[in-house]
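Okay, got some structures for you below.
One chain, subunit A, links the two complexes that follow: it is found with subunit B in the first and with subunit C in the second.
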Partner chain A sequence: MVFLLDCLTTSALLFMVTSGLMMIFGVMRIINFAHGAILGIGGYAAYVATARGFGPGYGWALALLAGLAAGAVVERLVVRPLYKRPLDAILATWGLGIVIIQIIVMGFGRGVQFIDAPIHGSTIVLGVSYSAYRLFMLPVAAGTSALLFLLLNKTRFGTKTRAVIMNEELAASLGINSELIRFLSFCLGAVLGTLAGALISPLFSVDPYMGIAWLTSSFMLVMVSGYSFISLMLTCLVFGAAQVVISSFVNPVLGGMTIAVLAATTLRLRSKGFSRG
Partner chain B sequence: MASLAQEKRAPGAPSFLSGLKPGRASLIALAGLALVGAGPFVTDAYLTNTLIKAFFFGIAAITVDILWGYAGYLTFGQSVFFGIGAYSAGLVFTYQGFSGMSIALALGAAVGAAAILGFLAGWLSFYRGAAPFFASIISLVLPIAMSQLALSGGSFTGSSSGLTGFESFDFSMEEWFWIAGYSLMACGLLGWKLVNSDAGRILTSMRDNSNRCAYLGINTSAINTALLAACAIAASLAGFGYGSFSCVVAPELLGFSLGTEFIVWVALSGRGTLWGPLVGTVLFNVTSSYLSGSMPFMWQLLLGFSFVLVIILLPGGLIPLLARPFAVNKKSVPELVEARPGEKALPEKGWPHAIEMNRVYKKYGSLSVLRDITFHAESGELVGIIGPNGAGKTTLMRCLSDGGERTDGLVKIYGNDIERFPPEQCVRFGLGRKFQNANIFDSLTVAECLRLARSIKERPSFLEKKRTLALPPYVLDVLRLTDLDKKLPVPARDLSHGEQQALELAMVLALEPLVILLDEPTAGLTKAERTRIGKVLVSLARDHGLCCLLVEHDLDFVKEIATRVIVLHQGCIIMQDTVDRVVDSELVRSIYAGTDFYAGPGRKGLREGAA
Partner chain C sequence: MKLFLRSFTAATLLFCSFAGNAQAAGPIKIGVPVGLSGANSVIAPAVVQASELAVEEINAAGGILGRKVELVIADDGSGAVGAQKAFDSLIFKSKVDVVIGMETSAARNAALPIVSRGRVPYLYTSFYEGHSCNRWMYINGWVPEQQSASVVDYLMKTENAKTFFLVGSDYAFGRGVLEYTKKYIRQSGGTVIGEEYLPMDGNDWTAIISKIRSSAPDALISCTAGGAPNVSLGKQIKSAGLSMPYGNMAIDEGTAKSMGADASGMLFSSSYITTLDTPENKAFLAAMEKKFGSGMKTPNDLSVPQYDGIYLYKAAVEKAGSSEAEKVIAAMGQVSVKGPRGVIAIDPVNRHAALNMYLGQIQADGSLKIIETFENVQPGPQCLK
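Let's turn to the complex of A and B:
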């Protein structure tokens, strides 16, 4: 039972961390290498809020604002000029990640910080006692995916965004401001990133490099799931479960590499399978 | 990496040394020799120490530049190979002691492990249809996985503190300086020879347009993998030197911050120039060793900022800017000569069909784009394929030239079943495919494009640039007819649309194909150009026995040159007959006029009458 809950909550965490990256990749076809640093920003936003004695709600609000600001600045100054050079855009976001992390180091030092979870203790679920905050991640992830689904499928913004994803030139020629859509998507992606950073910070420690650990896993998840949030959810469930299995039964170090290795092999084999079908 | 076609070599990077006279190049080499020779006597111990390490890093940076700047593979993982070399030295010297035997063992481990891992990474990263940055993401997985392994190795790998104080080579500082310095120079020279050789052009061509490479019979996956393995070995040997010199081996050497530092150095100092990263890495390391002591975080921040700025504003890097005033932009032009005809005889009677398609289907889900395509074509025939938009003409071409395309059915080229072979294998069966839009290598010159197209006939040299370019007579004819022979040193992207089409045709013909597929070869050409191309095609079929398959919208053009016409409509062959009969038929008229003849009662009769 605990094992099942571990699988579910791990998948929920992965989904939270990955959704921002997915948002940006889906619309702009760019892997945002600064995503790790953006998670870090969220973590430190939560840290600043709790260290000053404010509640977690303030931390999340601060994370949201910081994400919005970071996303807006990065999109304008770095991503937009490199729109025609996708590989360079990736590199530039990577360089930006270095800059953000160094700024965090200069502001807060290299040290590891801990944040109290807003929900303490454990809850009894179906006969076992389990960390309440981890469980809290389940409705949060479900809510996020529902919101994203509604946003993309039931709103005008969503329709326009999907139009840009499918055929940007056509969308632009139909009068959709694709630059604005890309700008908003990038900001949304960054906000999702900082919120995820703030949300996961009580479960792990906060340090300037906290995002890097999540980076490869979330890259690989995005690559495997393509452009759809539904398939991202499924991939998170399957690979998250695999990670828990390997970590708890084989070796935690190998567990940390599970997603990356599994995803790389899946992509290698599946693409071959397509060409054969 | 076809989508990277627009990501050419960073604009403004002048081909500095490539235009140098041999005298000047050897002068630079001599100056380098003298500098390294005198180095240890003019620098203090601290600087000597820093420089030795920087030299080893420089070798790794050169491999990154070859992989990224030339072949277009952005790798964050070159540190893994560097680290493997260092750990080979550390582990073997710690546990086996230091002896002649253990040196050989350590070197063998460094080379072997790097080669195996390089091949593995290549297999994972380079396959047909892989997204360009997918390989980069795999390269990110490697260092994370490897440093985790080193960290979890317990006392065997020394975990996070690594291995220290093992016995190593008993060289003086001066000797280490010379070893490292001359190794760097040797690697630089070797790399320089490689990227400027004829074979080196293949690297650029794969970056420009890997699809065209495949259709020239070049196995890009294999070349990328082999290149990665070779660069892995070079980086590993550099790491071996670093480990043996410093006698400190730590997980950071495997980690991805070192891997990204390589990228930063190469990007800042000028990717795709080779000498830029060579000089730049040494400079950055020396600066960093002084500045990171006094202002560690500031220095990192500064590096990060300048990295972002250089990527956005100056993709060519900083160091080429300094050298720009001295650049000599002169490309050597090879002399065109006629190739000796290969031993391959002209197809004779009794040979199998040039093209044979049997019950070929192509489906996307429930949608059939091609249905039950069965036909054959012979040597010397010029078969026109006509049909309205969406009839499946280009899909038919694709199914003929790439074994992975069709859903069902049999395709044979001169009796060779193409099975599920990739395009490069189909090309080796004698197939040449000219695409609808000119599909060429933007940043290569006309001469280089043609040389590449010859690479399966005449293996290009790894070390030199040939002074002659041998081409079959009909290719020379195409070049002369279109005046391309006067434009050999012009980069392909600067040609006019018609010239680009002609260049692609010449490239495909340079393969000496037996069967040639042409997708609208006259689209966008002037009347005069069209007539010239028509003459060339007729002569190819009649005089050289090629089988030409021609997709065309222009019925007049087809009428002039084709010997037979196949009419495709909604994925089916509805008629194959002589030109006149097809052009005069009611059926073809009704299709082109848009009447839905399927609705009519005469469908069955028409089909039988046509076949």
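Let's turn to the complex of A and C:
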């Protein structure tokens, strides 16, 4: 039972951390290597709010605002000129990640910061005692994926976004402002990133490099899952469970490599990964 | 002509002896390689401050053998390659008389050949996994033989623990300390029912925590990399609701205190804690506070050995009557200093020091309680052939 909860919560964490990267990759075909640093911004936003005595809700709100601001600035200054040069964009976002992390270091130092968790201790579910905050991540991840699904499939913005994803030139010729769609998607991706950073901060430590550990796994998950949030959810479930299985029954050191190895294997066998079509 | 030659010789002799004096009156240079950048940069400022205080005090009291002391700080980038550069530049460019400082084990091992080639005394001031030996090196930090025993003994006697689970980061220090801990638990009649490691930068302890839960040990002992991995493990243990006694071999007082409730109940063992009630420690803390004011970094188990180490070097030079490397190395094993941690003397053959170790427990309000003091704990055979 604990094992099942481990699988589910690990997948939920992976989904939260990866969804921002996915949003940006889906619409822009750009892998945002600054995503790790953006997670860090979220963690520090939560730290700043809670250190001043505000509740975690304010931390999440501040993370949202910080993500929006960071997304808007980065899109305009760094990413927009590089739309047609995705390889250069990888380099640019990689460098940007280093810059953001160094700014965090200058502002807060290299040390570990502490955030008081909004939910303490463990709770009893289905007869076992389990970390309450990890359980809390389950509805959060499910809610996020539901919201993203509705946004992309049931709203005007979603229709336009999907049009841009499918064929940008055609969409633009139909009067869709693809530049605006890109801008909004990038901001949304950054917000998802900072929110994830704020949400994972009570479970992990807040330090300038907190996001880096997640970057490789998120990148692999996005590569495998293609452009749909449904397939991302599926990928997170399968790979997250695989990671827990390997860590629990084989060796945690190998468990850390599971996602990367599985992703490479999956892409070798089926170049489209888990995406349909 | 003869007269001229004689006076020339005399003049030359006079000149030489004068030059000799001039050289002797030059400053003694102490090289401190430290991680001003990289992972150790969290701890480095405290180490630099302790060095600065020691040097200032020594100079104010007339220096060493009447010579002023000068500090040369070099950034080692917290890694092996950076340490090689730092040691190279300290020993061959700045021509320091001694190197005193903490390093990670990888960096120390990378730098030792440079120390041997440069033939300068090296005082290693970090706790570490043990058994590193070099003709030029003396060590005044603790090794697992001094630390593990106190934690294991307390867990077995006071908490009645019979079964232990060990968790660590996969690197020399984590493996080394837990290896010794495992041996010690078995010798003492306990059993190790689980031992798990994560990569050094690993933060997600989920699977390991589930294993701990299902094997239900009487006590838990961890030795992870400092900072993020250690803090995450503490938080995740608490949030998983695990409440068995927990000894953390790799936590420092400052981190434990700032973790607050997440660290409550955590046991740790160290050769220095700030609350030591000795005149030397009080004088040291007062001097630190006076010199650095609100910018003072909390002294810790790396910065205080640094402070001790500089005084040990002073004592060795004074005993040898010279800063010549061979003589200092010979004298280093015959001197002792009384510092904030108590009397420190390094064995000339074993090259490690007997230390007072303090077993502490973090209270729910983040304060620190000393449970037990172990005096004069021996490092065991380290460099004995």
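Methods note: the second predicted complex is superposed on the first by the 271 of 277 C-alpha atoms of A that agree within 3 Å, B and C clash if a C-alpha of one lies under 4 Å from a C-alpha of the other, contacts with A are read in each partner's own complex, and residues count from 1 in each chain.
The rule is simple: a residue touches a chain if its C-beta (ideal position, glycine included) is under 8 Å from a C-beta of that chain, and two chains touch if they have at least 3 such contacts.
Not measured: the values here are computed from a predicted model.
Asker: In the superposed arrangement, does A:V253 touch subunit B (first), subunit C (second), both or neither?
Answerer: A:V253 sits against subunit B and subunit C alike.
Asker: Which partner chains sit in contact with A:T9 here, subunit B, subunit C, both or neither? Use first/second/both/neither.
Answerer: The answer is second: A:T9 touches subunit C but not subunit B.
Asker: Which partner does A:G111 contact after superposing on A: first (subunit B), second (subunit C), both, neither?
Answerer: second
Asker: Could you tell me if A:S122 is touching subunit B, subunit C, both of them or neither one (first, second, both, neither)?
Answerer: Second partner only.
Asker: Looking at the overlay, what does A:C236 touch: subunit B (first), subunit C (second), both, or neither?
Answerer: In the superposition, A:C236 touches no partner, neither subunit B nor subunit C.
Asker: Go through the superposed model and pick first if A:A132 touches only subunit B, second if only subunit C, both, or neither.
Answerer: second
Asker: State whether A:A45 touches subunit B only (first), subunit C only (second), both chains, or neither.
Answerer: neither
Asker: I'd like to know which partner A:P202 touches here: subunit B for first, subunit C for second, both or neither.
Answerer: After superposing on A, A:P202 lies in contact with subunit C but is clear of subunit B.
Asker: On the A-aligned overlay, A:L184 touches which partner chain: subunit B = first, subunit C = second, or both, or neither?
Answerer: After superposition on chain A, A:L184 lies in contact with neither partner.
Asker: Just which bits of subunit A does subunit B share with subunit C as contact spots?
Answerer: Touching subunit B in the first complex and subunit C in the second, residues 253, 256 of subunit A appear in both lists.
Asker: Can you name the residues of subunit B that touch subunit A in the complex?
Answerer: Residue positions touching the partner: 3-4, 6-7, 72, 74, 123-124, 127-134, 136-138, 140-141, 144-145, 148-149, 151-152, 260, 263-264, 267, 297-298, 300-301, 303-305, 307-308, 311-312, 315, 404, 407, 420.
Asker: Can you check the complex and tell me which residues of subunit A touch subunit C?
Answerer: Subunit A reaches subunit C through residues 2-3, 6, 9-10, 13, 109-112, 114, 116-117, 120-122, 129-134, 202-205, 207, 209-210, 212-213, 243-244, 247-248, 252-253, 255-256.
Asker: Please name which positions on subunit A make contact with subunit B in the complex.
Answerer: Checking each residue of subunit A against subunit B gives 31, 78, 81-82, 84-88, 90-92, 94-96, 98-99, 102-103, 105-106, 215-216, 219-220, 223, 251, 253, 256-257, 260-261, 264-265, 267-268, 271-272, 274-277.
Asker: How about subunit C: which of its residues touch subunit A in the complex?
Answerer: Residues of subunit C touching subunit A: 39, 41-42, 170, 196-199, 201-204, 206-208, 210-211, 213-214, 227-228, 231-232, 235-236, 238-241, 255, 258-262.
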